[in-house]
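Order as written gives the chain letters A, B, C and D; numbering starts at 1 within each chain.
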Amino acid sequence: LDTSLALQMREAGRAVLDELVELRVATGELAPRTRDVAAIGRSHGVHAEPITLGLKFAGWYAELGRGIERFERELEGVATGKVSGAVGTFAHLPPEVEEKVCERLGLTPEPISTQVIARDRHAGYLGALAILGSSMDRFATEIRHLARTEVGEAEEPFGKKQKGSSAMPHKRNPIVSERISGMARLLRGYSVAGLENIPLWHERDISHSSVERVILPDSTGLVHYMARRLRNVVENLRIFPENAARNLGLSAGLIASQAFLLELVERGLTREEAYELVQSIAMAAREAGRPFLDQALESTELAKELSPDEIRELASPDRHFRHVATIFERVGLG
Amino acid sequence: LDTSLALQMREAGRAVLDELVELRVATGELAPRTRDVAAIGRSHGVHAEPITLGLKFAGWYAELGRGIERFERELEGVATGKVSGAVGTFAHLPPEVEEKVCERLGLTPEPISTQVIARDRHAGYLGALAILGSSMDRFATEIRHLARTEVGEAEEPFGKKQKGSSAMPHKRNPIVSERISGMARLLRGYSVAGLENIPLWHERDISHSSVERVILPDSTGLVHYMARRLRNVVENLRIFPENAARNLGLSAGLIASQAFLLELVERGLTREEAYELVQSIAMAAREAGRPFLDQALESTELAKELSPDEIRELASPDRHFRHVATIFERVGLG
Amino acid sequence: LDTSLALQMREAGRAVLDELVELRVATGELAPRTRDVAAIGRSHGVHAEPITLGLKFAGWYAELGRGIERFERELEGVATGKVSGAVGTFAHLPPEVEEKVCERLGLTPEPISTQVIARDRHAGYLGALAILGSSMDRFATEIRHLARTEVGEAEEPFGKKQKGSSAMPHKRNPIVSERISGMARLLRGYSVAGLENIPLWHERDISHSSVERVILPDSTGLVHYMARRLRNVVENLRIFPENAARNLGLSAGLIASQAFLLELVERGLTREEAYELVQSIAMAAREAGRPFLDQALESTELAKELSPDEIRELASPDRHFRHVATIFERVGLG
Amino acid sequence: LDTSLALQMREAGRAVLDELVELRVATGELAPRTRDVAAIGRSHGVHAEPITLGLKFAGWYAELGRGIERFERELEGVATGKVSGAVGTFAHLPPEVEEKVCERLGLTPEPISTQVIARDRHAGYLGALAILGSSMDRFATEIRHLARTEVGEAEEPFGKKQKGSSAMPHKRNPIVSERISGMARLLRGYSVAGLENIPLWHERDISHSSVERVILPDSTGLVHYMARRLRNVVENLRIFPENAARNLGLSAGLIASQAFLLELVERGLTREEAYELVQSIAMAAREAGRPFLDQALESTELAKELSPDEIRELASPDRHFRHVATIFERVGLG
């Protein structure tokens, strides 16, 4: 029984693997394509420092690589056969039969088994899927954030003939991404059930069976579906560089505040002093609704430390992108 | 911040690894010591076919090997450093600084990061701990079953001076094993929280932090504690071969029913016929409260197919143990 | 959409409720029927003090009562309708329409909604089901324990014509109970997914939808199935009073040790002294394999405190059952 | 033991209840204060139809009411005492003692117990906390969304002297809300562990104890902390009506598309025709970057169905707020 389960899992797992690899290829194409699209990086949902959109996708590419590697190992772990009898003693058929059967089926014989193959293997498989699903949840959440009306930096593909929301025809809702976020919750729930299946009684109890009948095909099928749908989104993701630029502009020179802070400390101010100075300029610019750079150029206190050219240099976003190419190389997208 | 977390996790993880390896060594010593203690194997909690107690422990040895291997890989995955600035662009310090810092600390530089290292790594680490904890839950559950008053095949170590239950002084309760079963539930819960930490917003949100402050040290500490306590139980586990023999005897020749069934089918009976015949003998023996062997030797129907010597041979438990040595070799305990 | 979901849940929930009530009726019949079947109570899987089998089932009856009450309340909570438009403002249809629609459908109008009814309601429903499932898991685990070959106090119904395990015809495996234990794991996993559905974005995101499509019908269907199958087990549970008596006998007077302990403390011994004395008798009896009573009657130290009649009285199991009828009354089974 | 646990839980639970009630009061004050602050409602993160900010908070008020009610009931459920001996039979002390002890402590006597009080009660308590935590997660997520730089409709309180992010002094990060989102993950994980504690063996095993030592105080303490911190955020939440108005303006008359759609269907167009017409106007306006109203007034096709005044009326946001007062009344904030 476990042997035929192993065969099914190996086949289904390989199909999942194919989809995952294709999804990764898609992110590996999207990332270079958007490598130089300047945008604002956000921490806490709040503007931080400039990045490029491609950096986000290169991060997905790297994360998928790790997830695929973990899944491959766990898939190998469940591709394990067993023909060792009712309690694993080979009482009625010698180990050689198991070896031959497994060899013919392309499975590894389980070195020691009870009536079943130990369930840590399946828990590992389910855990790998739950991590992959949660990674896709991260990517989908990013898309959902970028697709917000106020942000508008990216949008799920949306066929010309396709209708928007039935009630509100103008809406472009990231529903595929939302579905992926939802499905990840199912995978997380399944992974706990998989862990609970490990402590079977003695040489087996059958309590895991009703669970696995749901969680093994569902987890496998969900990740397959999610990878396929997400790939379509990634391949056809609509990117709006002008909106990314507009959003980046919102924080204007303000995003440079850290550079000023570090530079001022370098010049001999205490961290406290530098902080006070930079924050006062940032606050004033914010309240006046004008660029940080203009405010900074007018500050007499700042002028004591930096020349106008130095101020302009520190306020430019380009300096943030010097190492983007290096990062791409580091993840194999150079 | 993530870099110092990585250092802490690497140190703590190595300490856990040491305990796990020692626990595995202990099971690897217990298994050969009990390799030939005949006992009854149970599926569904019900007697099935003979095994030896050592087979149980050899199974633990193999399972721990897999769990340790998984944990080692995931530990390597979190031993990753990052000095790439507020959104991962190295805006203020070049990648070389990161490389040098990581090299000095013995960490791998994260090829691409946001404000943080991606949380699939930590989820993998927590998942590996949850699987190890659930495996220990399985071993602990076995001990709890074997320590049942009616079974009595094994008992947790119990110091001479140590009192039993405060209210019932004669009781020898497997409380360490029960504690281990309980702690595995915590680990399972923590692993879901770890998965939920993956989909952070954009270049990071800090929601994972309050979670990790609990789940990372607790998961690590729990597995460390569980492994250490379980090792003490395994090293000093009291084995009662006479009780194992008594229990095995309860099912007498009945346990041989599968052998009879297979043999009869070999001799040309249909599976239906063989089944009817064997079940009728088993039921009769059970209702009369006498050994299956005696009942079988009196069956005229069975006598048409098998000689008394053949019947005796089929009913002997020894035939179940022919391959035990091979199994031990297969898991590296030969 | 949510309104039609509410209708479906109310209908399905009522069907579940019916099954749960019938299961409770079945336990309420089994309990009195077995009220006076003496048995050994076990803590830690180890013999403790005498009980009667009926007490176990009366406990189930009480627990199901609580679970049903919780489920009824949560079912009412999801029987909530909503016709308030795309963001809950009744922009296109006045609240009166919602009221009329809900009245006609027998639903309560949601006092305030977004595009959807808030998901704390559904999480409550799923949580109630997960608790009911885990309670049934407890009952099923009890049956699985009682059905162990060495224990043999109860057995799932097993038709005469029904075969045992296909490979081992003599086995009577508690497979329905095992299935129930397994299914409870699914319910626990679903309940976390239900909790994760609560924090939807703004006036709704649709991420909950793909999740609910699985967890709402599955959770509902699982509890329905579990209750129905468990009822059949409870109604036809085979009870073996003679085995219960045999097991009770195993611990003979030993189970009385607590009574001796308390009595000796009453008579003026320190808890330490009493403990030492009782434990030494218990250990001696255990090692000699003879009844505790005999050992106790021979103890010269004990004779200083208690007369032979007092010793016999303290060792009798009947004194443990004095309040069983009262307990039955307290749960409404008097 | 369980009785003293019950006492602790009742005390701690009441303290949690107090915090929750105060949090609810705070939302009940914020909601009317912002009742008429016009804003855009969002589904899928994308603009939908107008709402007022107060409607969001009134929804929190209602949801907290349900959560508090559930928690109160479950708290009552765990405020249960037990003095019934080692297996629940009152073998050494009569039920009257239990009644008196419980009465003195203000606890309800558990009608039937084993060595412990059944754990469905505690699972209910933990589930109620997990739902409350997930509701607070929803509120916190809303704040985090509203605090996004591009949205800017609300902000966590931020003392004048308090620094922003240490590295980026201008940032106003919703870190309390993020912490609350994170802590909800812990609560969800704890609730599964609580469910796993239900199926104890026979008259008790002690596996639940190590779990409860963590999850009961932690869950209780977390919700207490979350409620207190969230209340401070709610009481001092900075609201930016001008940003809400700006965002609402972004979708201009476009948000009225549903009204047009419904009106056109009322006038006799098929849903298909109305949909085509409204979508073509919406798309054209979007691509031209001009208000929907202007585009609509120029449409000759639309002019066949509606007069300019009717078009203006349908495009006005005020019509969306007609029933806001009614909704406030329905939740008890009238």
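Keep this in mind: a contact is a pair of C-beta atoms (placed from the backbone, for glycine too) under 8 Å apart; a residue touches a chain by one contact, two chains touch by 3 or more.
All of these numbers come straight from a predicted model, not from anything done at the bench.
More C-beta pairs in contact connect the chains of B-C than those of the other pair, out of B-D and B-C. For this pair, subunit A with subunit B, the centres built from the Cα atoms lie 32 Å apart. Averaged C-alpha coordinates put the centre of subunit B at 41 Å from the centre of subunit D. Measuring from the averaged C-alpha position of subunit B to that of subunit C gives a distance of 27 Å. Chain contacts: subunit C has residues 42-45, 48-49, 86, 144-145, 167-168, 173, 175, 178, 181, 188-189, 191-192, 196, 201, 205-206, 258 touching two or more partner chains. If you sketch which chains touch which, every chain touches every other chain without exception. The touching residues of subunit B, when paired with subunit A in their complex, are 41-45, 48-51, 55, 58-59, 62-63, 66-67, 70, 73, 77, 85-92, 94-95, 111-115, 118, 120-121, 123-124, 127, 130-131, 134-135, 137-138, 140-142, 145, 181, 184, 188-189, 191-192, 195-196, 198-206, 258-259, 262, 319-324, 326-327, 330-331.
Of all residues in subunit C, only 40, 42-49, 144-145, 147-151, 163-165, 167-175, 178, 192, 196, 247, 250-251, 254-255, 257-258, 261, 275, 278-279, 282-283, 286 touch subunit B in the complex they form. Of all the residues in subunit D, the ones that touch subunit B in their complex are 86, 144, 167-168, 173, 175, 178-179, 181-183, 185-186, 188-193, 196-197, 201, 205-211, 214-215, 218.
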